[in-house]
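Letters A, B, C and D mark the chains in the order given here, with residues in each chain numbered from 1 onward.
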Amino acid sequence: MGILEVKNVGKRFGGLQALGDVNLSVAENTVHAIIGPNGAGKSTLLNCLVGKLIPDTGSVMFDGQSVLGRKPYEINQMGISRVFQTPEIFGELSVMENMMIPCFAKRDGAFTPNAFIDMFKDREIVERAEQMLEEMNMADARNDNAATMSRGNKRRLEIGMCLAQEPRLLLLDEPTAGMARADTNNTIDLLKQIKDERDITISIIEHDMHVVFSLAERITVLAQGTPLVEDTPDNIKGHPKVREAYLGETQDAA
Amino acid sequence: MFGLDKKDFRLLLLVAVLVVLAPFLLNPFPEGSAMAQFNAGYPDLMQRFVIFGIFAIGFNILFGLTGYLSFGHAAFLGVGSYAAIWMMKLLTMNVIPAIFVSVIVAGIFSLAVGWISLRRSGIYFSILTLAFAQMSYSLAYSVLTPITGGETGLQPKVTDPRILDGTLANGATPKANLFGLEMGSSFEWSVGGWLFTFNAGYYVAAIVMLVAFYMSIRIFRSPFGMMLRAVKSNQQRLNYTGLNAKPYTLAAFVISGMYAGLAGGLMVAMDTQVGAERMFWTASGEVVLMSILGGVGTLIGPVLGAGAIKYMENILSKINKEILHQWFAFMPDGIEDILVSLVYPFIGKGWHLTLGIIFMLVVIFLPGGLVEGGQRVARLFKRKKPAEDGPDGKTTPAE
Amino acid sequence: MSKMNLTRRGVLKTGAIAGAGVAAPTIFTAQSAAAFTNEPTGSSVTLGFNVPQTGPYADEGADELRAYELAVEHLNGGGDGGLMNTFSSKALQGNGIMGKKVEYVTGDTQTKSDAARASARSMIEKDGAVMITGGSSSGVAVAVQALCQEAGVIFMAGLTHSNDTTGKDKKANGFRHFFNSYMSGAALAPILANNYGTDRKAYHLTADYNWGYTTEEAVRTSTEAMGWETVAAVKTPLTQTDFSSYIAPVLQSGADVLVLNHYGGNMVNSLTNAVQFGLRDKLVNNKNFEIVVPLYSRLMAKGAGANVKGIFGSTNWHWSLQDEGSKAFVKSFGTKYGFPPSQAAHTCYVQAMLYADAVERAGSFNPCAVAEALEGFEFDGMGNGPTLYRAEDHQCFKDVLVVKGKENPTSEFDLLEIVEVTPVSQVTYDASIFGGELGSCNPGA
Amino acid sequence: MEAIILQILNGLDKGSAYALIALGLTLIFGTLGVVNFAHGALFMIGAFCAVTLSRILTLSHTVVDDTQTDFLGNPLKVDVPYVMDWFGETTGAAIIDWAVPLSILFAIPVMIAIGVIMERGLIKHFYKRPHADQILVTFGLAIVLQEIIKYYYGANPIPTPAPAAFKGSFDFGAMLGFDPNIIIYPYWRIIYFAFAAVIIGAVFAFLQFTTFGMVVRAGMADRETVQLLGINIDRRFTLMFGIAAAVAGLAGVMYTPINSPNYHMGMDFLVLSFVVVVVGGMGSLPGAVAAGFLLGILESFASMREVLAVLPGLNQIIIYLVAIIILLTRPRGLMGRKGVMEE
């Protein structure tokens, strides 16, 4: 029994069958990658997991509880954090404030009208946020405006914000899309470090095979809205169906 | 001090000093001098400054922090005013129950409006709030006349029941008071050529305004305030960080609605009269303009914006041609006439023109509003001194 | 304010300078300073002219202001003296009021009660005005009147036509020269019956606020008393600009008269729309379809243009009146400004004069003394024939003009012609019918 | 039945005015994303184009007529328009009579010029600024424009009648077999409706069938991509602004005979036009037009005395009530695009 169990999930948009009949099981404390060509339904699947979309059929269970019908913030409070394709951070706030928000969310829940305390006098939160910034190597940037950072640093901050909540499942949506090689490698190193140091399950949607094969322990290949195959990276590399469906271009090129 | 850090406390102290000394600061010109026209230190205008300051501070908690642009905030001001005047008609001319009830009623009304309007965001939200306010205005002006007085509004009358007050002495008019201290009573101090007026109502309103301002600083610096700024910055990230944006924005909406109600209640306390125009969309637009003119999202900006607009409305509109002739009387006749005709379109009945021009100039040259203007001036003076404000661990909104 | 200004504040200033040798600042409260609010102790007195300078009634306000400036000129002995020459009371000497030079301050009501009160308060608190006058709507008049009652100054209403001003909202410190809805109805009804017959079916469009209600009520009651039938009465929003959906169903209802209980922009638009629909070219019940506008003003008639031709209404005063007072006023106003005055200008001028005269007769600026002098005051020569300022409600009773849009105007000002001068006896009513409590005068100290 | 037909006519007529104003606004606001509070002022300036032209046509010299006297008893000065001198009294009078239709020709270049100047001189610098700044600057501009008009033309409404040929009304009822004089409708309002239909059609056709329109539509959808293609989208947006101003101005010109124009007529329509655009849905031209007609028709029905007898005051709030209901049931109005002005 995995921490995330997706059973028979289907989703239609008008006449388009975005997801057919998806079954997926993500084991606890593993890195599980979901790959597939454009339009395979990766993002739709991810959105079904975090509450942005509600699937037409099937069930999504997280740690034995259904996530269906819950709002994104409720699902997050259950222990699922999401990293977006383009880093989603609070651009107009400082790096420190960015980091404090998930700390508050973790401790105080979805809504606490604590309007009369000075947030910088909340030692517990401040220490926790400072610690996270240390861990992310961003302590020097704490007073910077988040919007002014480089894309790589924004990504790092976003991941740090997710980790600050101590999620049990971290979902990453093409975390290195549009990044320069160096930034990509930094991100891979960061994720590897996270994997090694924490009890956390990571599920990653990715285009970049380099990233996938550097990180993943299990890979699910999605094509035309249905999972084609699920296996270890080594087996996926050589799988004929995968080559046909997904790596076809590579084959032609070769 | 008061749970504020040094910088905020200094700001609060500065505002408090300005407010307390306003009767001096706003009356810089001696009586009878040509410049006395520009004196603003008389009770009505000083009261309006602080009352609209409160209104704008509250509006800024919603608009400045969450970015939700309400175009119907005047409705809460109006509802608060009606509640206050009814307290004065039914209960007592003491301002405490009137102000208290106006805040409560405005809070309830804004809860209802906010609960519905916050289902939408952006311009759709703005139009929903506008629609509610316009409906309130239209109904108050027409079919609700028995409750609101319609066109002629409501004023306390000698014949009102006022169950807590004793019967008025023969010939006395009901006057708003705070346990006997009449809001209209003033203390005048004449020194040299100057005449300073210290009005009881103004100081009551000013104390309320300082409390309101203090509370707004606390909200700005609180986790709650940070969440509101997070709503403005990136609602998506907020949702995926396990935070429910809706109650935060609704709370901000209700708080700002209660500030508006407080302003409405104070308006009645200072000047016992309500008319439905107070809820017209131009009144809602005015507070939007005040916030933007002063500097959206800054602590002191909206107060400055409110002051600037009310100053122009009350001072510029009262300058007439005769006064211009007196100003320029030292010039030779021909030049005097030319000067008068050059200035004339911008004052008196043309004060709107000046207002419009100032809006445009400020937004073109000072994108952060009047506050940015102040900062630029401050920077000019500070340039030679080393920056004394070290990093204090946060990006505070500019003051 | 002016360098010459010696209002109470000005006097305080000079007093303080005189005592400056003592060095210690003089401290006193407003209450102990004077016998009443803003008592003028210097050589001048300040009046507050509070008129709409922005918004839809700005032109009307501008005309009011012209009239006030003219009145000040005459009071101070300038110009040709205007109505002072024809006024039955001869108390005014042309040397200011009680020998004090008349000065004035102006403000913008914006036709909003809040703005009007702010402006009036600034006149009272900052400029030391001892009397406030002006305005162009009943909402403003009632609001400012209540303020003046509270502050202890006299309010001389400008253009306000609602019964409420001297009815349910009357105040001891407030006075109105202008006529009201009731008088319009009472004056119009007989003329309408004479011209259009007593067997008429009327359709009312009414502005949906206090003034509209009282006007509809007045016209309805008085026309129904003549035998007319009211087919329908529909309320229209103040903010309405296009009245087509209200006018289109009129013909269907079987009505043969349309009464437009509208004022200002509403009236201009509804009348324009009604004429556009060709209502006046129709025959209904074998009678010519007619339109009636209970309250006319020349500025509105100008806005409606040719549409007013042949349409009956009432007005407080019109420049084509041939009595000595009217002729004198038109002459001095026309000479100074180049065009004839509007009824708003006339009523404001007269109010300023009546106030000055009352002060002279009372021998004091004290509001209570002034009020006493005005109460029950009978006068003539101000353009409206013999007039009574009734003591019970502070309303002037005088003849009411029934006018008609002129068919062949000779100029842009020559838009209305007088059909009938309804004698005051026909428009007088009992002071108690509108309720309200006058209270007693408040001198403010 | 007759009443309902009448109110549908009224609704179409009101709706065409709303739709026309909203159309121009939605070009700027709904698609360029600029909160243009000066749009009402453009409508007002259009109306004053008609006033100005009729003033120009009646430019006069004065002749003293000794047979009549003015109000002060002096000989009356009579104004004789120059056009009457030049073209003779009948032709001159006819030209003056046709001032409003002639103003269309006059208003188009004037309004396009105003729109282009406004965009180049001011709005251009505000595309990337927050909406708050756009509100302040356009509101300031609206006040300035309004005050300039007030300075020269006064605050009072100025009657600007339609040509005599279009006075009176057309009897639809007689045509449909009802009693005469039951369903009548003024000629000028019928013309207004037809004119609005033509303008709306022309704008749609322009955007649909010309390359220019295609590029503009693409630019609205994705400005950066279009710019990457090397197309100068800015210049096209400038012209778009000019067109929007012209549409607003023409709506104003044709509106003058319906209601005498005054300097604040723009503000009266401003809020309403924003409501129409938003109810139609941000970024949708058909939505704005549909919402205009919908609100026009509903407003007309709400003003029937049979309705008001049941629900007094409904006519006061109908527009806003409908707006609330639509926005709550359809999150982006009738036909709004996702993501436009939702933040």
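Descriptive notes on the structure:
One rule holds in what follows: contacts are C-beta pairs under 8 Å (C-beta built on N, C-alpha and C of every residue); 3 or more make two chains touch, one makes a residue touch a chain.
Model, not experiment: these values are computed from the prediction.
A centroid comparison over C-alpha atoms places A as the chain most distant from chain B. Two chain pairs, B-C and A-B, are weighed by contacting C-beta pairs, with B-C ahead. Distance between chain centres (mean CA atoms), chain A to chain C: 73 Å.
Distance from the chain B centre to the chain C centre is 33 Å, each centre being the mean of its Cα atoms.
Between chain A and chain B, the centres computed from C-alpha atoms are 46 Å apart.
Taking each chain's centre as the average of its CA atoms, chain C and chain D sit 35 Å apart.
With touch defined as above, residues shared between interfaces to two or more other chains in chain D number as follows: 312-313, 316. Under the contact definition stated at the top, not a single residue of chain A touches 2 or more other chains.
For chain C, residues touching at least two other chains, in rising order: 54, 58, 62, 208, 235, 237, 239. Listed by label, the pairs of touching chains are A-B, B-C, B-D, C-D.
Per the touch definition, chain C reaches chain B in the complex via residues 1-3, 5-6, 9-10, 12-13, 15-17, 20, 25-31, 33, 53-54, 58, 61-62, 105-108, 112-115, 117-119, 121-122, 125-126, 137-139, 142-143, 146-147, 149-151, 162, 164, 169, 208-211, 213, 235, 237-239, 437, 439-442. Contact residues on chain D toward chain B in their complex (touch as defined above): 35, 122, 125, 129-133, 135-137, 139-144, 146-148, 151, 267, 271, 274-275, 278-279, 282, 312-313, 316-317, 320-321, 323-324, 327-328, 331-333, 341-343. By the touch criterion given at the top, residues 50, 71-73, 76-77, 81-82, 84, 88-94, 96-97, 100-102, 104-106, 108-122, 125, 142-143, 145, 158, 161, 165 of chain A touch chain B in their complex. For chain D in complex with chain C, the residues that touch the partner chain are 2-3, 6-7, 9-11, 13-14, 17, 68, 70-72, 76, 150, 154-159, 161, 167-169, 181-182, 184-186, 188-189, 257-260, 262, 264-265, 268-269, 299-300, 303-305, 308, 312-313, 315-316. Across the complex, chain C meets chain D through its residues 54-60, 62, 208, 232, 234-237, 239-242, 244-246, 248-249, 251-252, 265, 268-269, 272-273, 276-278, 281-282, 284, 299, 302-307, 319-320, 330-331, 334-335, 339-340, 410-411, 413-414.
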